[in-house]
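One structure below.
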Amino acid sequence: MANYILLVDCKDEKGLIHKITGVLYNQGLNIISNNEFVEEEADHFFMRSEFTGEVNGDAIITQLRDTLSKDSNIKLIKQRKKRIIIFVTKEHRCLGDILIKNEYNEINAEILAVVSNYPDLESLVSKFKIPFYYVSHLNKAREAHEEEILEILEKCKPDYLVLAKYMRILTRKFVSLFENRIINIHHSFLPAFVGVNPYEQAFKRGVKIIGATSHFVTEQLDEGPIIVQEIISVDHKYTVRDMEQAGREVEIMALSKALKLVFEDKVFISNNKTIIFE
Amino acid sequence: MANYILLVDCKDEKGLIHKITGVLYNQGLNIISNNEFVEEEADHFFMRSEFTGEVNGDAIITQLRDTLSKDSNIKLIKQRKKRIIIFVTKEHRCLGDILIKNEYNEINAEILAVVSNYPDLESLVSKFKIPFYYVSHLNKAREAHEEEILEILEKCKPDYLVLAKYMRILTRKFVSLFENRIINIHHSFLPAFVGVNPYEQAFKRGVKIIGATSHFVTEQLDEGPIIVQEIISVDHKYTVRDMEQAGREVEIMALSKALKLVFEDKVFISNNKTIIFE
Amino acid sequence: MANYILLVDCKDEKGLIHKITGVLYNQGLNIISNNEFVEEEADHFFMRSEFTGEVNGDAIITQLRDTLSKDSNIKLIKQRKKRIIIFVTKEHRCLGDILIKNEYNEINAEILAVVSNYPDLESLVSKFKIPFYYVSHLNKAREAHEEEILEILEKCKPDYLVLAKYMRILTRKFVSLFENRIINIHHSFLPAFVGVNPYEQAFKRGVKIIGATSHFVTEQLDEGPIIVQEIISVDHKYTVRDMEQAGREVEIMALSKALKLVFEDKVFISNNKTIIFE
Amino acid sequence: MANYILLVDCKDEKGLIHKITGVLYNQGLNIISNNEFVEEEADHFFMRSEFTGEVNGDAIITQLRDTLSKDSNIKLIKQRKKRIIIFVTKEHRCLGDILIKNEYNEINAEILAVVSNYPDLESLVSKFKIPFYYVSHLNKAREAHEEEILEILEKCKPDYLVLAKYMRILTRKFVSLFENRIINIHHSFLPAFVGVNPYEQAFKRGVKIIGATSHFVTEQLDEGPIIVQEIISVDHKYTVRDMEQAGREVEIMALSKALKLVFEDKVFISNNKTIIFE
């Protein structure tokens, strides 16, 4: 008997928890965990219910539609492994962490393929018997390169794309095809050090802490909703290279936590921010 | 219009959230935040609702009694500053932190008095115009000493007693008078280093992290429900004294967080553990 | 018998540690701790020695001058409490922490006075019998306001100025009078959120971590050498006000650590960065 | 031109830094980094120098022997990858982390083999083309089992043994053969929760933080010198299984940091404690 997750968000009003849980109760379902949040500045209500039982999805949706206001967002999810595609360039650290966790079923996902604009990581990926697609970007327009990748994606039908140190900027068009479904790991504590060479910048500024940020990708580079941020202390003895290495460790941590949250349907997106029910 | 908090815990069953929020909805009340938790091993349900509106306390309680099983615990709290008494011996650090926060209304409490078995901290307390009771324990049986303190407490009628580095062990009888209402700060990361001289022990063991634990006081020394634990890194350069000093800092942090949680009615106690709705 | 601290920095070359410790050894002094660092990009050597013994300061300086290259920086410091002046505006939190620590000799400083452009904090400061100077900035040119403050400083002869939430920008001229001697606490994790309303900015960006930065003040606003950075986790439930409150806690921590390091002469400044020998 | 590391420890006396660096200076060597520490309670001096140059090891040792007291410990190390053997049982997490890091030369070690008392992890190890020795302990006396393992070790001649979740207790005899050369990861924040089922214990006690400890193995179980401790916050929602999973993450971090420190010769052992020069 699988677990189900109900995600509802709508304009706030009195009695919402009572009404929504009433629909589940009438169906004889057992709520395992329930979370709500009201975003005050937008007067908006968010709720996540995890429940088990003999689920009649259509009945639940219909009753909720009857109960709630027209513009409510209602999403009923049967828990299953998310289908994901990982994008990388040359760095192996985040990829390695995901592959090992996947090998032992510690990540709620099925890795359909790894896509890269360089061939370097094929040997690592092949150890785990996962398809590796090398799609070089050399001598190609950005759009043409993405077209080639899209062909792969169309075959795979992924739920999420994970940019695990993919060092290419995606076009607006590409991003719009996967709205709220692309997760990136950014090598800095956003919004500090946007753009390239964040460790070089951090070194020059003499910071004492460096960070990493996992976020959804939107059309604005490095501006999407933040899911997880992690930090690590550094000091004057750290060279740029040392900072990079320390940075890798927090990148792994931040991405790993973000994937766990997203793949367990614990993340709402609202006003370019995330609401996370842990 | 004050905020109210409803705390309910009872045996778990289907529909509890629906039923309890229904009582509040029928009264036309507006839930600001709602938290639930089911303790699986005990099959027990916990819920905390914070709400505003025209509250008829008796009606709410009556309807909840009618709705829920007989052995449910129901507590309706009108938010107000908790009345507290602080116990200290000679150390000023946790006390100083509380006094400064209290001076600027940053703590949801009214300090009725400070009680100490030494006179040392009177000058600090008097700066803040708070009564200081020096009750020496010298040449007195433990019970006789506590009797003197109880006389003060009877006049003050405190909600909570805060042991902010009070270096005396309380009798079972005294503790039983304030069940779940005495909060202690323990100078170690419990359950490591119970008892005296934890920093001496930590130094000898060569630990790399020291901690502090804020917990409710029960009849078993250092064994009560843990509310907050905090830690700080140390290394081989730390002397016992350095560890003590670092320890003070985490003690302040741990106690400060614990008081905030307890004074905002966010803590349930169950099976000698705490369930905290942050 | 007091402790002495020797701070030397110069162009790196072979044998520096041997030569410098030789001068101390010849004087029969006992090194308690010794730290060195070579800044590779500048090929520059830094050393801090803490020692005890019968110190002939002139002899040490002369011998070091003979031993080291002409452009070496040599500073011999007899350990004593630093003379400091604290600047505040209306916020009491950092000030309160320093006052309590000072009351119990936990800070290696003597507070000569507190200066403020508002009268609000006089009642707090007076509890601790420390002079409070209220110098309003209203209807005054920035320079005129600073002139009034400088009169106070000239009488006090402070070693350091501590800006414990002083919400005024200092003129270049003022800053230049106290080069490397003004310590500020900045309410963000620099370089993120420079300027005003950092918590408002942080809230809008939906960050998951907020921070505070203690740094030396230079003529470039928020751009001086960073001494300490601290962070705290936040989530979607935090309002701007909650973030501010959490921010205060890390501000206190960051400033407190920075003052400890600076007042114990553990901080070198080089290329707008700090080298810290803990 | 390789880096060399000199480790010296001896009874403390005046001038030691000067004398030891003098030997290196006379040989025309260039000190890259230098660390000293005096353990006050034992009046013992520790120094680590990292240097480059044309090294005549015999000359350095001879001169140091002439300069220092007879009972000094002097160790001159040419930097190279440490030869290690990893011991595991069934858990893959720490092993996986080490294998991935090793694959990309991020660990200063050469993995000679993985030894296990179960066959489960062979498939993971074989992906990385590293010998895997399955040595079952079933129906064997502890000594007989260790004899079989010792045969493998004798062929491999490892510098260090890494117990990456090896769930067997080693005999005193075995431990004595590899004094200060066996590194373990212990699944708790020692000294809390020694022995078996630490997460079960932690769950029952309702702790708010769980930890992991990497330490050298001595004849006293769980009592050896601590190298690194790491922690992670947990709350009432964590089941025993959740705690185990969170614990795995900190175990990986703690072991990874400990291996880095040990394999870069940054760790002294003294009085069952570690002195670590980072």
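Here are some notes:
Each chain gets a letter, A, B, C and D, in the order it is written, and its residues are counted from 1.
We take it that contacts are C-beta pairs under 8 Å (C-beta built on N, C-alpha and C of every residue); 3 or more make two chains touch, one makes a residue touch a chain.
Everything numeric here is computed off the predicted structure, so don't read it as measured data.
Chain pairs A-D and A-C differ in how many C-beta pairs are in contact, and the one with more is A-C.
Ranked by separation of Cα centres from chain C, the top chain is A. Separating the CA-averaged centres of chain A and chain D is a span of 36 Å. Measuring from the averaged C-alpha position of chain A to that of chain C gives a distance of 41 Å. Shared interface positions of chain C, i.e. residues touching 2 or more other chains, are given as 37. Across the interface of their complex, chain D is touched by residues 37, 39-40, 189-193, 205-209, 211, 225-231, 235-237, 239, 271-276 of chain B. The touching residues of chain D, counted against chain A in their complex, run 92-93, 96-97, 100, 103-104, 106, 124, 127-128, 245. Against chain C, the residues of chain D that register as touching in their complex are 14-15, 17-18, 21-22, 24-25, 28-34, 36-38.
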